[in-house]
Amino acid sequence: MSLSIRNQFAGTVIAVTVGEAMATVKVRLDGGQEITAAITAEAVKDLGITSGSAVKALVKATEVALATGPVENISIRNQITGTVSEVAVGPAMAAVKINVNGGGLTAAVTADGVQALGLVPGSSVVALIKSTEISLAGA
Amino acid sequence: MSLSIRNQFAGTVIAVTVGEAMATVKVRLDGGQEITAAITAEAVKDLGITSGSAVKALVKATEVALATGPVENISIRNQITGTVSEVAVGPAMAAVKINVNGGGLTAAVTADGVQALGLVPGSSVVALIKSTEISLAGA
Amino acid sequence: MSLSIRNQFAGTVIAVTVGEAMATVKVRLDGGQEITAAITAEAVKDLGITSGSAVKALVKATEVALATGPVENISIRNQITGTVSEVAVGPAMAAVKINVNGGGLTAAVTADGVQALGLVPGSSVVALIKSTEISLAGA
């Protein structure tokens, strides 16, 4: 089985907070970064996710935003630094490939966004991912 | 009101779990599948959603990921099987139309994703939709 | 049709750029802000969206991120300033209501995010919305 989801990062669960409907799961990626995923409480139970679980964090390319540096005072929990390796620009959208510690990452952003940030191969970027956009897979 | 949201599925609410901020709503689609939507607790109240409510599940094409088969051990609650009917590929993004039981579905994924999965008309796929990406409309 | 989508803003289309798979649509909201929506090229055609079209921009609460001030050098095209009017916090998630020029806005973010930003009623915030998360409805 192959997945269209471009971004997959292996890691280990370090904390789980479960509410009535939703849960937040903190994961330390093998590349060293910590990320937070907001998934349904039911998914946590079904997958048996607890501290120490080996998981993969999955993020669709359309859910990744980019900045040219770290962003402070923002609710977005997940910021992963990297270097642009490739930019494919269409009339409306662009796909930006980024080398990050522990693998690669693809962001689908507007062509306008790429132009405004002046992104070219070699640009330093920070990938921003809202917690609600991260899914988890059991290892 | 006509909507840009490509994916709309009629169904009936079978369970509602309400937390402080968020709620999860299970819906049995008319096509037979069960899906889960994570929406705000306020929306559940405003729309008067309870077991038995007739609703439409709405999903933006950019929120649909694709796999070439069922995916196990994943937090993504919603998996709908179907067959690719059409693929439009641009430099960055692609739009993939899928026939599913009970209607059609459109996924906007990266052009890379389409190539990696070798998607062409006739391909069997599973559409994956995170609960947080499903909105509901009252019937 | 009543919608669970909390955020609906009336406006007028000022530009449309269509690619093979996706299109970007610029909308001037009645509140004065300009926003960009990335929707499928097919949706633009089906809804007959052109410059001058009256539309509603729709954004799911889970797709809204918050910052305590304007964010520069970011690919996220849409930043709407406002003032927090209400915060409902659960164990995992929080719902934040914001008064903006031209109406109200709800963001569903992690409880951690609300705490990190110190959000309380009266806080000034900027709502950040990725273009791929904005849907359009014909008026």
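Letters A, B and C mark the chains in the order given here, with residues in each chain numbered from 1 onward.
The criterion applied here is as follows: a residue touches a chain if its C-beta (ideal position, glycine included) is under 8 Å from a C-beta of that chain, and two chains touch if they have at least 3 such contacts.
Since this is a predicted model, take the numbers as computed values, not measurements.
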Once you draw an edge for every pair of touching chains, what topology comes out, line, ring, star, complete or other? complete
Mind checking chain B against chain C and telling me if their interface is mostly the same residue numbers on each side, over half, or mostly different? same
Rounded to a multiple of 5 degrees, the Cα superposition angle from chain A to chain B is 120
Length of the line joining the C-alpha centres of chain B and chain C, rounded to whole Å: 20
Could you list the positions in chain B whose residues touch two or more of the other chains? 19-22, 38, 41, 62, 90-93, 108, 111, 132
Which residues of chain A touch chain B in their complex? 1-6, 19-22, 37-44, 47, 49, 58, 60-62, 88-95, 106, 108, 111, 132-133, 135-139
Partner chain A, residues of chain B touching it in the complex: 17-24, 36, 38, 41, 62-63, 65-77, 90-93, 107-114, 116-117, 128, 130-132
